[in-house]
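Heads up: the structure comes next, in C-alpha cells.
First chain written, first letter: the chains are A, B, C and D, and each begins at residue 1.
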Amino acid sequence: MLKYAMIGGGPGAFVGQVHRRALALNGQAKLVAGCFSRDLEKTKRLGLELGLDEDRLYATPEELTRLEAGDVDFAVVVTSNEAHYPNVKTCLENSIHVMCDKPFTHTSHQAVELVEMARDKGLHLGISYTYAGYPMIRQAREMIERGDIGTIRFINCEYPQGWLAEAVETTGHPQAEWRADPERSGGILSLGDVGSHIEHLVPHVTGLVVTRLAARLDTLVEGRELDDNGTILTEYNTGARGMYWYSQAATGTVNGLKLRIFGDKGGLEWFQEEPDHLYYMPLNESTQRIVRGSPAMLPGAQRFSHTPPGHPEGWLLAFANLYKSFCATIEYGEKPDFPDGEDGLRGIRFIEACVESSRRETLWQEIN
Amino acid sequence: MLKYAMIGGGPGAFVGQVHRRALALNGQAKLVAGCFSRDLEKTKRLGLELGLDEDRLYATPEELTRLEAGDVDFAVVVTSNEAHYPNVKTCLENSIHVMCDKPFTHTSHQAVELVEMARDKGLHLGISYTYAGYPMIRQAREMIERGDIGTIRFINCEYPQGWLAEAVETTGHPQAEWRADPERSGGILSLGDVGSHIEHLVPHVTGLVVTRLAARLDTLVEGRELDDNGTILTEYNTGARGMYWYSQAATGTVNGLKLRIFGDKGGLEWFQEEPDHLYYMPLNESTQRIVRGSPAMLPGAQRFSHTPPGHPEGWLLAFANLYKSFCATIEYGEKPDFPDGEDGLRGIRFIEACVESSRRETLWQEIN
Amino acid sequence: MLKYAMIGGGPGAFVGQVHRRALALNGQAKLVAGCFSRDLEKTKRLGLELGLDEDRLYATPEELTRLEAGDVDFAVVVTSNEAHYPNVKTCLENSIHVMCDKPFTHTSHQAVELVEMARDKGLHLGISYTYAGYPMIRQAREMIERGDIGTIRFINCEYPQGWLAEAVETTGHPQAEWRADPERSGGILSLGDVGSHIEHLVPHVTGLVVTRLAARLDTLVEGRELDDNGTILTEYNTGARGMYWYSQAATGTVNGLKLRIFGDKGGLEWFQEEPDHLYYMPLNESTQRIVRGSPAMLPGAQRFSHTPPGHPEGWLLAFANLYKSFCATIEYGEKPDFPDGEDGLRGIRFIEACVESSRRETLWQEIN
Amino acid sequence: MLKYAMIGGGPGAFVGQVHRRALALNGQAKLVAGCFSRDLEKTKRLGLELGLDEDRLYATPEELTRLEAGDVDFAVVVTSNEAHYPNVKTCLENSIHVMCDKPFTHTSHQAVELVEMARDKGLHLGISYTYAGYPMIRQAREMIERGDIGTIRFINCEYPQGWLAEAVETTGHPQAEWRADPERSGGILSLGDVGSHIEHLVPHVTGLVVTRLAARLDTLVEGRELDDNGTILTEYNTGARGMYWYSQAATGTVNGLKLRIFGDKGGLEWFQEEPDHLYYMPLNESTQRIVRGSPAMLPGAQRFSHTPPGHPEGWLLAFANLYKSFCATIEYGEKPDFPDGEDGLRGIRFIEACVESSRRETLWQEIN
C-alpha cells in the first residue's frame, strides 16, 4: 500500500476530505503525513483525529516535503488556488509525485515550469479533474475512438450552477469568499471553477484540440468583480465547431455539467447529474440509453465501474477512479490514464485566451 | 363563422394541411377558396377533395385576392419562403387580413413595406410562429410579467434538430431541397427555419430586445452551401445576456427547442418535446413542475389550455391557439395576442444581423 | 364526407366537445343533427352555435334516431353512463352506426344485447377507448405481433389520477358528482372511469385474455361510497401473469396511465403523459427510445402518426385516430381497427368480476 | 477508531467488498480479523492482500469469534443466507456486536432466537438493508413524521430487476446459482433478494405495520423452481392499503426500486436509480423535486448527506450511512438509527406469510 502526505485540506475544507475518502475507498494508499493548514494547531488537531503520528504533522509544506521525501510515495495538494504553484513546486523539488487540485496554477508560465520540472525529474503530476473519472465518460471516449459516431462536427458543453446567484461572497460563505477575491483566485471566478471542467472534458473525451475561440465573460450578479457566467465559441484542429456555456449564477440549476457531441454517424449525450447513463444516438436509429455496468460497456470503461448496473455510483467514485489510475501508475508502473500536468497547462492557456478574447471584444483569439 | 382562403399548401405540402387542421379544430373559420399550387390542376384536385366549389379555385394568387376581396375574412399564405412577399402584398392590396408562415420575407425592406401597408390599411397581419401558441409559453410570459423570477440576467435558448445531418437535399427530400437552395430560401438554411423560432420566442416570453449580437453560422455537412448550425451571443436592452444555438445537423436530436431563463429571483425552463410542463426554479427553493391545466396556471395561459392536465396537447393545438387569437381579433375585435408583422420584421432584421456578423468575423453587430 | 348526429355532449360537457373536435380535425365527418341535452333549449342553443339547422335539433334521442335514420351515417353517444344503453339501443334499432363513450353499459346483459343487435343488423358499434388511438400503442402492438419481445410473461399496468383525492363530489364538481353517485355510475367509480382503460389496453396491445383475477376495490377518501382505488392480480390464457393498479385518489398524480410488458426476449414501456415515446428494452441490450414518426415505426402504427417526430401529438389526436378508422370503415368498408362492442362487453364483464372478487374476499374469480 | 472482523466476503464475493469499502469510506472502523471463506487458504490470500496479520485469519467463524472476543468491536456477517443464523449466533455468544446481511435468517424461529439473545446480552445487531441508508429516504421519513403528506392512504412499492430474465443459474452465474437453489436460499428466490427490501423500506419510511396480505409468487422463467416475481396486496394497522411488486425477471429493467406514498395532504415518490431526488406532490400544488443537500433538507436527513447538491452520491454511500449510525452507536452510544434484528425478524415473518398466502390461494393472510 502506498503512503501519501496531504498539503491543505484542513478542518472544514470540503475538498481535502473528498481526496482522503476517495483514497480510503480505493484502499491503495494510506495517509501518513500532513500540513493541512497554515495554522499548525489546526493541522495537529485534524491529523490526530485522522490517526496520524504527531511528528508527521508539519507547520509548512516546505518542511513536510523536505522531511517526508523518500517516506511518502506522493503528495496531494488541495490548498486554495494561489498556493498550488509553490506547493507543487516544493513537492517536485523534493522528488515527490503530486496530485494537485484544479485549476492548476494562476499563469501558464507557472504551469510550464512545473510540467517541465516533473518531466525532467521523471515525476508523476496529476490534476484532479473529477469528471474525467466517471465510467460513462470513459465509455464515451472509447466509443468515439472506435468510430461509433464517425467524424465529430459539433460539440455543445455546458456547466450551469446556481449557488452564486446571490452575492454569497459578501455574507460569509467561505468558499465563495476566496473564489470571488480577484487576488486569491487569479482574476477569474467561475471560468476557473467550472469553465475549466468543460475545457478539460471536451479534449479528454474527443481528442480534439481548440485552435481558436471567442469568449464573453459575464458578471451577472451586481456588485461582483469577477465573471460568474461565460459563453465561448470554439474551433478545433479538425475543423469541428463548438460552444461552451458555464455559469454559477444560473438560478435554480444545481451541478449541470452536460456534454453533447455530434458526429456524422451519431451523437452522444451525458449529464453529470445522471452520471450512470450515456445516451447514444446513432444516425437514423432510435436513441439508446447505455447503463454503466451493462453488457454495452467497453472494457476500458468497465474497468472503472464498481457496482452492478442500477446501483448508482456517483461523484465520489469518479474521484476515486482518478486515484485508481494515479496510484497504479506509481505503484506498478501502469500506463498513466489520469489528467496530468499537460492537461493542467492546456487548461490555464485556455483560461488566458478566454480572458484576452473577452477583454478585446474582437473576440476571435488563436490558441497555440 | 369566418371564411378564409389559402394560398399555397398544395397536395403533399405538410404545413398547409397543418393550418387547415388547426382552423378546423377551432371551428372558427371555414375554408372557402384556394390557390394551392402554381399548377391549377393540382389546386382543383385538392380543392374538390376539401369540398370547395370549383369556381373558387384559382390559377394565381392575384386572381384569388382580387375576386375574393370582400368574400373572405382572411387569407393564409403557406407557400415556400420566396413567395411570401408577393402573396402577402397582393392580399393586403386587396384589403384581406393575412396569416403568413414564418420566416416572413427575404429582406427587411420587404418586411417593412408589408408592415406599413397593413398598418396603413388597418389590416391584421399574423406570422405563424407556432411555439408562441403553447399554453406553457404563455404561462412563462405571465409569470415573468408578474415578477416570479425577478430581473432577467441570462437566457439560453437552443433548437437542435437532426434531420439535415445527412445531405438529404441531394437525395430527393422535397422540403430539404428548397430550403438548401440559396435562391429559394433567401441565402440561409437553418437560421431561417429553426433559428427564427428562437429569435421570436425569447422576446415574446421575456419582453427583452436584442441590441447587439455576435453570430457564427456553420456549415457542418460537407457539400452544403448554406448554414445548418449556428451559435449566437446576444445582449439585450436591459443589459441581460444570452446565448442561442440552433442546428439541423445535430445528429440524433429530434425537435429540441429549449428555453431557459434565469432571473435574480428564480429560473424557468421549458422544452418543446415535453410541452405541457414548465419548470419553475425559485431561488433557494425546490424546482416545481407546473403542469398545463393545473391550479398553478395563470388566467391568460389557462385560456389557451384545452384538455385536462395530463391529457397531452401537443404541437397542433399550439398552432390552433395562434388562430384562436387571430380569428377572435378579426371577428370580435379582441385585443391581438398573436405574432404579427412587427415580429416578422424583427425576425428578418435579426437574421440579417447574424449573417453580417458571421461574415465579418469581428462578430459584434449592433441591431437597431 | 360523412354526416353524423350527436346524443349528449351538451353545453359544458367536456367529452362531447372532444368528440366534435376530433371529428373536425379529421375532416371525415360533419355534424348535422343533435340531441345534446335533456333540455331542448340547451340543445338548441348549442346546436345553433355549432351552425346546425334548427329543425335538426331534437328533444329526445328517440325522436332524433327515428327522424335522422337514413340521413346520418352514424351517431355519437356521449351521455353520462346510465344513458348509454337506451341511447345506443335506439340508434341500432333505427339502423344507425354508433360510437359510444366508455364504459359501455351498466351490466353485461345490456352489453350482450347491444352487441348482438349490432351484429344481427350489420351495424358498426365503436367504443371510444381513447388510449387505443395513440400511435405508439399501435407500435407496441405491432412489435409484439412481430415477436420483438418474445413470449409475454408479465404485465404491469397502472393508471393513477389524483383529482378525486378530496371529496370534490360534495363540493359541486359536476363530473365527480355523477361519477360518485352509485345510481348513475352503475355502482362503481374509478374502476369504470380509469380501471376500464387498463382493462382495454392490455388485450388490445398484447392479444392476451384474462381468465382469472383477484381484485381489491378500495375507498380511500372518507365519506365516499364507491371505489376510488383498486388493485387487481390477473392471469391470462397463455399462463402469463399481471397486475393492475388504478386510482383517482393518488394525491399529486395527474393522468398516469403506464403500460409495461415483459417478454422472454424483451420488454416494452409506455407512459401516457409522454405518449410520443415507446421504450423498448431488448434482452441484454441497451434500452431504446422509439420516437413517433421516426424510421423505427412500423407501417400500421405510422399510418396513425400525423406530425413529424418531435412535434408532440397528444391526446386529442389519439381520439381522432379512433374516428379515423371508424369513419374509413363506414365510408370505404375498410377493415375495422377501432375498439368495438365486443371490447365494451369484455370490459363490463371484467368490471363485474372485479366487483364480485372484491366482495367475496376469497379473491380468485374466473372470467369466462 | 473501531476494530472489526469479517465472516464471509471471500475472494470474488461482491458484497463483502462493499461492506469493507463502506467502512473504509467512513473512516470509523478498521478491519483487523477475518474468516472470509470455508477454505483457509482463500481467507489467508485475501487477508494478506488486505493487510491483515496472518494470525488473525481463521479457519472457522467459531474460532474467530472465540479468539477475537474482546479484541474486535463488531463483526460483519456476509456469508450466503443459510449461514447467517449460525454465524450471527456464534458472534452473539461471544458478546460481539454484529452487522448481518439481509435477509436475516431462513426461519422466524431462528430470527426470534437471535433477536432475544442480542437483547439479553445488550448487543447491537444490525441488518444491512442498504436502501434505508439513502439520505432522501430519511428525508421522506422526516417529512411524513412532520405531517407533510397528512394521513397515508395508499402505498405502491415496486422493485423490478431483469438479471434473472434468463435462467442464468444454469449457465454458471455464481450468485444466481445459490440464490436459485431451494436448499441454500431458504425456499425463496426473489422474495428474499429484492422483495425483502420493499418489506423493510415501507415501514421504515412510513411507520406503518402490515397486518394482512395477499400474495402471489410467480415463477416466470421456465425450468426455475423458485419465485422470480411476485405481487402482494397489503393492509396496514391504520387501515391504509398497499401493493408491492417485486421481480428479477422483468426483462430490461435494471434496479428499479420505486416507492410511492399517497396521503390526504400530498404524495411522495422516490426512485432508487435517481436516489438524490425526492418528488413531493402537495395536494393541489405543483410537484417539487427536492434535491439532496438543498435547503429543503430536514436535519436528520441532511446529516447523512455527504457531498453538495448535484454531486451524485449513490449506493455505496447509502451503504456507508448504515455503518455511520451503527458505528456511532457502538462507539459513542448514539441513539441507534440503523435497521436492526427486529427489522430482520419482521422481514422473515413477512416472507413466511407471503409464501403461505401464495400456497393456499385463499390469499388473505393475517400477520401478527
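One rule holds in what follows: contacts are C-beta pairs under 8 Å (C-beta built on N, C-alpha and C of every residue); 3 or more make two chains touch, one makes a residue touch a chain.
Each chain and its UniProt protein: A, B, C, D = Oxidoreductase domain protein.
Predicted, not measured: the structure shown is a model, and the values here were computed from it.
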Fewest hops from chain B to chain D - one hop per pair of touching chains: 1
Taking each chain's C-alpha mean as its centre, the one farthest from chain D: B
Whole-Å separation of chain centres (CA-atom averages), chain B against chain C: 35
Between chain B and chain A, distance of the C-alpha-averaged centres to the nearest whole Å: 42
Overlap residues in chain C, where contacts from two or more other chains coincide: 287, 291, 294
Of all residues in chain B, those that touch chain D in their complex: 280, 284-291, 294-296
Of chain C, residues touching chain B in the complex: 1, 14, 18, 20-21, 24-25, 27, 50-51, 161, 163, 254-256, 272-276, 291, 294, 306-317
Parts of chain B lying in touch with chain A, wherever the complex brings them together: 149, 153-154, 156, 158, 160, 162, 165-166, 214, 216, 218, 220-221, 229, 231, 233, 241, 243, 245, 247, 249-253, 260, 262-267, 281-283, 287, 361-364
